[in-house]
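Listed next: structures, encoded as structure tokens.
You will see two complexes here that share chain A, one where it goes with chain B and one where it goes with chain C.
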Partner chain A sequence: MIRFSPAAIIGIVALLLLPFAVRFFFAASEKYYLHLLIQILLWSFIYTGWSLMGRFGLTSLGHGAFTGIGAYTTVLLWNFAGLTPWLGIPVGVVLSVIVALLVGYPCFRLRITGHYFALMTLALTEFVRLCIVGLRDYTGGSLGTQPRRYGDGVSLYAMQFEPDRVLSYYVALALWAFGIWMWLKVDRSMDRYALDAANQDEDAAASVGIDVTREKLKITGLSAAMCALGGAIYGQYQMYIGPDTIAGLGVSLNIVFAVIAGGLWVPLGPTVGAVFTQLLSETLRVGMQGSATLRDWLGSAALALDTAVYGLLLVLFIIYMPKGILGTLMEWRGRRKRIADTAAVARTG
Partner chain B sequence: MDCHLDIFFLEAVLNGLLLAGLLALLALGLNLVFGVIDVVWICYAELVMVGMYGIHYAHKGGAPFLLAALLGILLVALAGALLHVLVIRPVLDSAPINQLLVTGGVLFFLQAAATMAFGIEFRNIGIRLGSVNLMDMSFAWSRLLTFAVALGGMLALWLFLTRTYMGTAIRAIAQDRQIMPLMGVDQRKVYLVTSAIGGGLAGLAAALMVLQYDIYPQIGLQFGPLIFMICVLGGLGNMIGGFVAAFIIAQFIAVGGSCFATEWGYAIAFLFFMVAIFIRPQGLFAAKS
Partner chain C sequence: MLALANIDAGYGGFQALFGVSMSVNAGEAVAVLGANGAGKTTLLRVISGLLPAMRGEMTMEGVSLRVIAPHRILETGIAHVPESRRLFPRLSVEANLKMGAFVPAARKRFAERLDYVYGLFPRLKERRHQLAGTMSGGEQQMCAIGRALMSGPKLVLLDEPSMGLAPVVVAQVFELVRRIRSEGYTVLIVEQNVAQVLKVADRAYLLEVGRIKASGSAAELLASDEVRRAYMGI
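Moving on, here comes the complex of A and B:
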């Protein structure tokens, strides 16, 4: 059982009340701000799913494949077989876990790590994206597709909740909370120690009786399942899925980078990464629309400015701040606390 | 599917062969950099894109194509050296995966910067070399030229690596990073020269690609994954292996693409790659253990 600290309880209450605060303060543009929050929460969940394995040195560029499989399986089963997403999502999740294990097993048995693992999973992402584009009769090819609307838009049976933003917010919040809970659960499990050991020295870990392949497969399966679930829910919320928005190399790289920017080794790191990247691109976009000079200067190309700044920041982050925003902040706080503790001991002693 | 052993099949095979020359050249630069510096430039295809834009605009500005191509090669060589000094050098001692990811940031940056500077339109340099007809098959001169120049470029690199002092130093560093600095080889200089050559090879590939393909900011995503796959399949850092792997992959793309649809050619190539790596994880032609 996880016990909540007072700060955590305040945080949870604040998150639960957030839609009402938005309604109160930004009544005019409530929909926009809620949309922003929902995006952040949904991506946070996907990022958290990736960080489960990323933190153990398993840098996968294949998670764009898992979000894609989750989203496309769900939508295609709904559109062509009439299967409710309540069953479609589990099918998508199981499918992407199977793919993850199929690719993961040989990788881990043969000890494909580091560069090779990253490039191997990159090939998986590319393969899945090409399959999605290739099956264009069903998937709409590179233009993407939409889940068929059911009734007036909000439906439990079709799992469609997009028109009601407050409801969507709570769906996203529940998903996000589930992701954090999962992270903490992994963090407190024996598997975490096994994987940490395997990350540092596979031979040594194996020699003390850790089944390295099995442990890695477990975390990979879990991570793929979470990303598939996140991708599927994201598709249900956006009511649109495209090979570049929910699958493919761009998504994979975004996942990895947001987590690194936020902090890979702390539970809320991926969330901070999502907040940071979403706010960055929104601020730049809105700032751009507001400024006539910038718009005249850059024209429609201004749309790419956020990605340019983003890319530059990532380079700087990896060079100067490899622990990410939250990781670095917590390190500072830890250091100051240690100094304060030492001072206190010195005074009393 | 309509796949028969007819003249069109032969045409696909031969076109695959010509594509292989280009892919081998692209893989060569990446392999050189990996073999020597032990860093994967995930933004390699974006450097090619920069070179293509450079050549395009130099040609549009009035330079004859050969001069424009030369300028493009120099531009990308400079970009490679800058990439090394500004981005790779600060992370040389951190985890290998950080080195790969940091160039991923450069990938985003270059793509977005190109979109801002040049827009998302497809641009064509507007040089038509025509094609040659042989029996019922037709081959574009640009592809034949690409193949020949790619082979020439590889030969030149081989001569450089085996016949010059600098080339020997580069090969020595690739074999043992710890000992060679003690033997009086300036590691920093070797890394810098290697990065510039790696960039120059990307520039050469760019000069050949502007003759065949339209230029747009996302062209790197079309070639990037393919190049990595070829390098890994041939054994990262193994230049001969990369050469052979380029021919295998190009056949999958060309023949698969002509029998089914273009995407399926690529998809089959990626599937083959994954299966091949499971059978031989060090790459098909790993010389070193």
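Moving on, here comes the complex of A and C:
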């Protein structure tokens, strides 16, 4: 049972009321701001899914494959078989869990960890991307494809909710809350101890009776399932899926960057990472691509400048804040509190 | 209790053990002596399933160990204290002990076992919130042994408990071994520190480049010229 602190309750109420605040303050560009919030929540969910295994030293560059499998399976089943996403999404999730286990089992049995594991999963991402591009008659290749519209507005049957941004916001919020709940559940399980131990010393973990392979497969399966679900919902919201937006190396790398920037070991770390990276890239995009001075100065090269600055800032963050933004802030607070406590003890003692 | 017959084992193309046969009876403390590279650690890794044997048979109380996965070995009553302690350095002492009782059967008796281990090693209780990696070498060895005892094993495998410790601490570690011995655990200990370990052990095997060269009671080996010349510099 999860108990809520007063701060958490205020936070939850604030999140529930946020769309109305947006409507009140930014009535003119309500759709744009809601879109930003929905993006942040959907990516937060995917990032949280990745961090479930990332925090145990299982640095996967393959999660762009899982989001892709989830999104493409759902859309293709809908477009070509008329299968509702209510069934298509479970199929996509199961499929991506199967792929995760197929790749994970040999890796974990043969003790492929660290850089080698990252490379194995990188290959998986590329494999899925090549499949998508190769099957261009169905998937639209590198141009991507769209789920067939079902009627004009919102449809429960086709799980199409994008025309109603407020509804979309609540869908994304529910998904995000589910992700946080899952993170906390894993954090409080015995599996967490087992995985922590296996991350620190696999031999010692096996010698105290931990089935390291099984534990790793469990968390990998869960993580892949969450990313597939996130990818599928993302596709339903965007009403467009493409290898660049939801399946591929770019997605994999964004996931890893954002979680590391936000904080790997704290429940809201991936969320902070999503807020940070989404806002940063959006600000840079609007600020730099929209700037007339920069365009005069650099010509069309200015269009790529925001991505370059974005990359540079991420590198700096990872170097100077290895615990992530939220992790570092919490550490500062902890230190200040300790100093205050010591001072209080000194005064009274 | 534990019996090995003609065990061959190795890593890839490199064979480290050749036809090793040995036995440990209930209640005994048995030592395996040998220099670096003799195959001592390999032997313990084979027993605890971390390294599959190429050939030969091993049984624990009549149950074959050859087909059991490493994480199931504990259920047969064997607990392995690996070389250089192998604690989980970024977990607290108590969390390390908790991991020792990870298997479901032991998890049920966790509180009782924890009290027992703290009773045996009060120092661990004092340090229970400290990160295991920040303790001294001797304390870490104590924690590693405590972790192995958490599952309530019958046989404890100790892999060079004196490795990398100062001479004063080495004496303390052998004192720990004597203490778990007197608690009724059967002990199989692998060591280079021949003089010290033969004071604790009942019997010993001498392992040289993967083969058993000699065996006998601790007193016999202590008296043998071969051991004295090669390992004690006398």
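Please note the rule applied: the second predicted complex is superposed on the first by the 342 of 349 C-alpha atoms of A that agree within 3 Å, B and C clash if a C-alpha of one lies under 4 Å from a C-alpha of the other, contacts with A are read in each partner's own complex, and residues count from 1 in each chain.
As a working rule, a contact is a pair of C-beta atoms (placed from the backbone, for glycine too) under 8 Å apart; a residue touches a chain by one contact, two chains touch by 3 or more.
What you see is a predicted model; the values in this text were computed from it and never measured.
Chemist: Quick check on the chain A-based superposition: chain B and chain C, clash or fit?
Modeler: fit
Chemist: Decide which partner touches more residues of chain A, taking chain B and chain C as the two options.
Modeler: Per-residue touch count on chain A favours B.
Chemist: First (chain B), second (chain C), both or neither: which does A:194 touch?
Modeler: In the superposed model, A:194 contacts chain C only, not chain B.
Chemist: Considering only touches as defined above, state whether A:27 meets chain B (first), chain C (second), both or neither.
Modeler: Neither partner.
Chemist: For A:120, decide between first (touching chain B), second (touching chain C), both and neither.
Modeler: A:120 contacts chain B only, not chain C.
Chemist: Looking at the overlay, does A:7 come into contact with chain B only (first), chain C only (second), both, or neither?
Modeler: The answer is neither, since A:7 touches no partner chain.
Chemist: Quick check: superposed on A, how many Å separate the nearest Cα atoms of chain B and chain C?
Modeler: In the combined three-chain model, chain B comes within 8 Å of chain C at the C-alpha level.
Chemist: Taking the stated contact definition, name every residue in chain A that is touched by chain B in one complex and by chain C in the other, in rising order.
Modeler: Touching chain B and chain C on chain A: no residues.
Chemist: Quick one: in the complex, what on chain A touches chain B?
Modeler: Chain A residues touching chain B: 57, 59, 103, 106-107, 110-112, 114-116, 118-120, 122-124, 126-127, 130-131, 133-134, 249-250, 253, 256-257, 260, 298-308, 310-315, 317-319, 322.
Chemist: Which residues of chain C touch chain A in the complex?
Modeler: Listed in rising order, the residues are 48-50, 69-75, 79-80, 82, 86-91, 95, 98-100, 102-103, 106-107, 147-148, 150-151.
Chemist: Which bits of chain B are touching chain A when the two form their complex?
Modeler: Those in contact with chain A are residues 40, 87, 90-91, 94-98, 100-102, 104-113, 115-117, 119-120, 217, 221, 224-225, 228-229, 231-232, 236, 261, 263-264, 266-267, 270-271, 273-274, 277-278, 281.
Chemist: With touch defined as at the start, can you tell me which chain A residues reach chain C in the complex?
Modeler: Checking each residue of chain A against chain C gives 190, 193-194, 196-197, 200-201, 203-212.
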